[in-house]
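Data block below; observations after.
For reference, chains read A, B, C and D in written order, and residue numbers begin at 1 within each chain.
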Amino acid sequence: MARTLMKPDDVKGAWAIIPTPAKDDASDWRATKTVDLDETARVVNGLIDAGINGILSMGTLGEAATMTHDEKLDFIKALVDAAAGRVPIFVGTTCLNTRDTIALTRQALDIGADGTMLGVPMWCAPSVDVAVQFYKDLAEAVPEMNIAIYANPEAFKFDFPRSFWAQVAEIPQVVTAKYIGVAHLLPDLAAIRGRIKLLPIDFDYYGAARMDESIDAFWSSGAVCDPLVTTTLRDLVSQARATGDWSAARAFMGRLGPTAAPLFPNGSFKEFSTYNIALEKARMNAGGWMNAGPVRPPYHLCPEPYLEGARLSGRMWAELGKALAAEK
Amino acid sequence: MARTLMKPDDVKGAWAIIPTPAKDDASDWRATKTVDLDETARVVNGLIDAGINGILSMGTLGEAATMTHDEKLDFIKALVDAAAGRVPIFVGTTCLNTRDTIALTRQALDIGADGTMLGVPMWCAPSVDVAVQFYKDLAEAVPEMNIAIYANPEAFKFDFPRSFWAQVAEIPQVVTAKYIGVAHLLPDLAAIRGRIKLLPIDFDYYGAARMDESIDAFWSSGAVCDPLVTTTLRDLVSQARATGDWSAARAFMGRLGPTAAPLFPNGSFKEFSTYNIALEKARMNAGGWMNAGPVRPPYHLCPEPYLEGARLSGRMWAELGKALAAEK
Amino acid sequence: MARTLMKPDDVKGAWAIIPTPAKDDASDWRATKTVDLDETARVVNGLIDAGINGILSMGTLGEAATMTHDEKLDFIKALVDAAAGRVPIFVGTTCLNTRDTIALTRQALDIGADGTMLGVPMWCAPSVDVAVQFYKDLAEAVPEMNIAIYANPEAFKFDFPRSFWAQVAEIPQVVTAKYIGVAHLLPDLAAIRGRIKLLPIDFDYYGAARMDESIDAFWSSGAVCDPLVTTTLRDLVSQARATGDWSAARAFMGRLGPTAAPLFPNGSFKEFSTYNIALEKARMNAGGWMNAGPVRPPYHLCPEPYLEGARLSGRMWAELGKALAAEK
Amino acid sequence: MARTLMKPDDVKGAWAIIPTPAKDDASDWRATKTVDLDETARVVNGLIDAGINGILSMGTLGEAATMTHDEKLDFIKALVDAAAGRVPIFVGTTCLNTRDTIALTRQALDIGADGTMLGVPMWCAPSVDVAVQFYKDLAEAVPEMNIAIYANPEAFKFDFPRSFWAQVAEIPQVVTAKYIGVAHLLPDLAAIRGRIKLLPIDFDYYGAARMDESIDAFWSSGAVCDPLVTTTLRDLVSQARATGDWSAARAFMGRLGPTAAPLFPNGSFKEFSTYNIALEKARMNAGGWMNAGPVRPPYHLCPEPYLEGARLSGRMWAELGKALAAEK
């Protein structure tokens, strides 16, 4: 192993999850080379300038499913070049099977990505054994690549149970996880025994951080609506932890929390998952901080009322960002 | 359009669904070129000699998810060469998005495949609009390729509702469908208005054929356990329809039906879907008529009691085949 | 056992499922004695005069859940008195546990009901063992009472699997079943070995009857929108079976089938089940043949667009009935 | 209103959820008067002597579904008499409809119960409107009765969404809730605006208490395995809150948490819910602190391996209790 792996404690603070910026014609199946590489570089620089601690990419909203292989390589290179080692870059390399995933992960490593945000092949629902072995095989095949478990139950037909966490915690390459919810946070933390840094979503970060001291990092797809909101959340929780006074962090949640509601159609995560990409990109475009562009096929169709909810969520986030800037 | 499309009525009789035969090391992620091309040719010839009317391949059990791109091209070529135009060959070209699917379908067309057995990208659950547009885009992009809708709700996170059928029936390329269940058969037939030939599974063929005269074809993954069972079912239903006397067909169902039960763990289709490939290949290998070989990663792990049920199902099918041969 | 039990073959033809007619104030929790006994008698007489072969009552839409104990006894007596032995009367006696169900069933028997349409206690989802034992205990406790299994998976949190049918078929009191769907009809028939007469819903009767000769009876909640539609379906299937010519029955399904669609919100049985009572009573009231009255609490609230769909379904049924009368 | 209603802040500390102790023949449907009233009194006194702050009864494991009406009245009287006003007694009065529930709640009030632990009628899945109106009607009909919302999604086919909490928070009688999980705790707390005291389960109490200062009470079905475990949890969280040092409470969770795992078959809450009563009573009987007795029909059947897991859970709890006593 030529490269030293990260450790769970190397993952700290606010990690932005970013989309793959798309050119104007990207919803047309005839389009090729749809990645807006200039916007990609601009976004990476902007996030780093804003103080974001790490970048996750090519998840569901990052359109890992809908980019061509060549587009993926171009995008990874643009990310790595723009970051230039200033913050860790994790890229999604989940394919429909073990061998394709290994091949793509090796290419990502060669380009210079720090890690892979890795879900499980989803044609068949994976059993626990299948899921664990998939991560083991990937780690064995590409031992220098850091792994962030991408724990999305709707995308991967898998509920990521405790027995899964207990087993993948044994894999040195698995340093972190894009985690979801807090319902099982404490028992899952018990299962991983400090070997994986779990990242809750920004909306759950306050609660998760209060539940357990080990929670000192989170993921935020809102970061690209305005990173100041994300870094403010990070800093308020850090201050609260240092001082023992959580009142300011709690008050901030009262401002941040309501921006989540209009993003989820009828309050349903399952319904959100059906339109995940279109909703998140609509939200980001409405935020105004970046240009995420259109959605690649086949997921470019979404009911207009759902999109309007997502746009409202983006505008609310952006307005909170402006208010925070003004309060500084 | 240089090639004439098939019509729904060109799809008749017993269609075999076949696995992608695998070499002995195919469960190892290090393996390459895992397709057993000799066995592929032998199976195609054997099915055609046995009187099978068409071949479907590269579905779930056909490991469309776990073959590499190069393996897919090799396998398609082997199928097309072996069939040599004697029966239609449909190959699965479902990828994670529209553009990759179009590219692979074009390659399959160039190699000489007659059609694609096509599911829907499954990273996100598709809405009806997304699913319909996916088939429209594919048909527009590759207009000479016949399409069999691959209606598997567990694989594709989609329940294929009536409004879907009504819309894809407008696409000339969609000539047939690997259909599942009979619960909605009559209303779905009403929705498609004769424009798509629906293929029920062998175990449902008797009931479906009695429900509606338009049902005169079906799919059978058991065909590769012994095709004589499959063709006998086809012929008994044809005779019943001609004579109006269904007693022999019904009596045959009393022999065929029980072979299905041990294939489904705890009687659950959802549980079966988790282990689909391993169960079907275990069944086929136990049938003894062909060598399906091991399962490609990540789906090669399956609880032994489930496998034993599948093997029992395969042996029961094979024994029925032997009894039928003896009765001739 | 003083009374002779029915046999499966005693259940034939068109069985109406009826609501419990409610007085105008029945949605108010302060109301008592809410059953409209006059309308009850009128409906029973009307159905019998129209040639209906049997009556099922006090299921979900029959508000078994929301009637008080005294109302149940009054209603059962009204049904039995009106029928006066001309057709079998089955009444729902499902309670939250075994002992209460036995007590109510004994009272129904004493009043003169022919059978109980019996679901499973639904506070906890029943295992197969629990469900089977429940029917066994009931049969042992009230051996003179005929039992119709009430196979509603949404109400009773139970999917009525094959192993259930195989076991309850051993109970002599179980003579029939309000069955749902045709997806598992043939294997379920194999499991019951002729010992239970399965009743599909009217909308499935044509298909079910074609699938298996043993299907010669069905249930119809539409019967109270106009029983002529129900009896016409029955007679056309009988004629088809006698002559071997199914064309008239099939053509009739083309007229009957479309009346079902607007009854199911978004085509969903699960959503229908949430508003089952309100939707069915709205449909029946719109049919104009009877006055089902309002819905008892807590199920009296339902979105207006759903109700409008149900009313449309009722009007379509009634119009079909008028057309049939004119065609006579 | 003659009696003053409780306020949310009157609900504090450790609330025990108790079974309805059953005599030896209680699994037989012929049995009557199955409540062991002596053991009931002994348990209430024991819990109060141990410092438990309130008692909840006649929920799912308390067999509200399977007791006869007379048994319910006898049991309520025994509870009220034994408690003699020393701690609040809440009794379950959920029936299959609004009117029966009102009648039983009035009787419970007359006997002297302080409140009702109230779920929603579950024959049909309730919509939000139906569920809210049900609680409103109950409060209007029995205005002196305190209400604890019984938020069990499996029993009541209802997921208790935020819009539900926002609306029932307007009902003065609703003072507390047997709450489940922490996934939605913070947004639900925002919705109820301090008007309902939410009680998490003992296993979630530490995490919930850290997430939000308003959480200062919880429910515990393990209390009847040994109340010292329950009161120790309560006291350690109180001390942590007072001192700001959570290390002792956290260390205690490391001892308590593992006792939960064997109670849930295959880690599934849904599977647990199917066998809820049998599992909880097996656990309690194995705990040795009380005699919960057998399970009333129809829920008395449960796979032996599941029961063995439950017993292990009970023994682990009891052993923790003994260790705590020794450490004092």
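One rule holds in what follows: a residue touches a chain if its C-beta (ideal position, glycine included) is under 8 Å from a C-beta of that chain, and two chains touch if they have at least 3 such contacts.
Composition by chain, UniProt nomenclature: A, B, C, D = Trans-O-hydroxybenzylidenepyruvate hydratase-aldolase.
The shown structure was predicted, so the numbers you read here are calculated from the model rather than taken from an experiment.
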Fewest hops from chain A to chain C - one hop per pair of touching chains: 2
Chain whose Cα centroid lies at the greatest distance from that of chain C: A
Result of counting contacting C-beta pairs for B-C and C-D, higher pair: C-D
Inter-chain centre distance, chain C versus chain D - centres from mean C-alpha coordinates, in Å: 37
Centre distance in Å when chain B and chain C are each reduced to the mean of their C-alpha atoms: 38
Where chain C touches two or more other chains at once, by residue number: none
Category of the chain touch graph - line, ring, star, complete, other: ring
Set of all touching chain pairs, with the criterion as stated earlier: A-B, A-D, B-C, C-D
Residues of chain A that touch chain D when the two form their complex: 161-163, 181-183, 185-187, 190, 206-207, 210-212, 244, 253-254, 257, 267
Residue ranges of chain B in contact with chain A within the complex: 29-31, 60, 64-68, 95-100, 102, 120-127, 129-131, 133-134, 137, 141, 154-155, 157, 270, 273-277, 296-299, 301-302
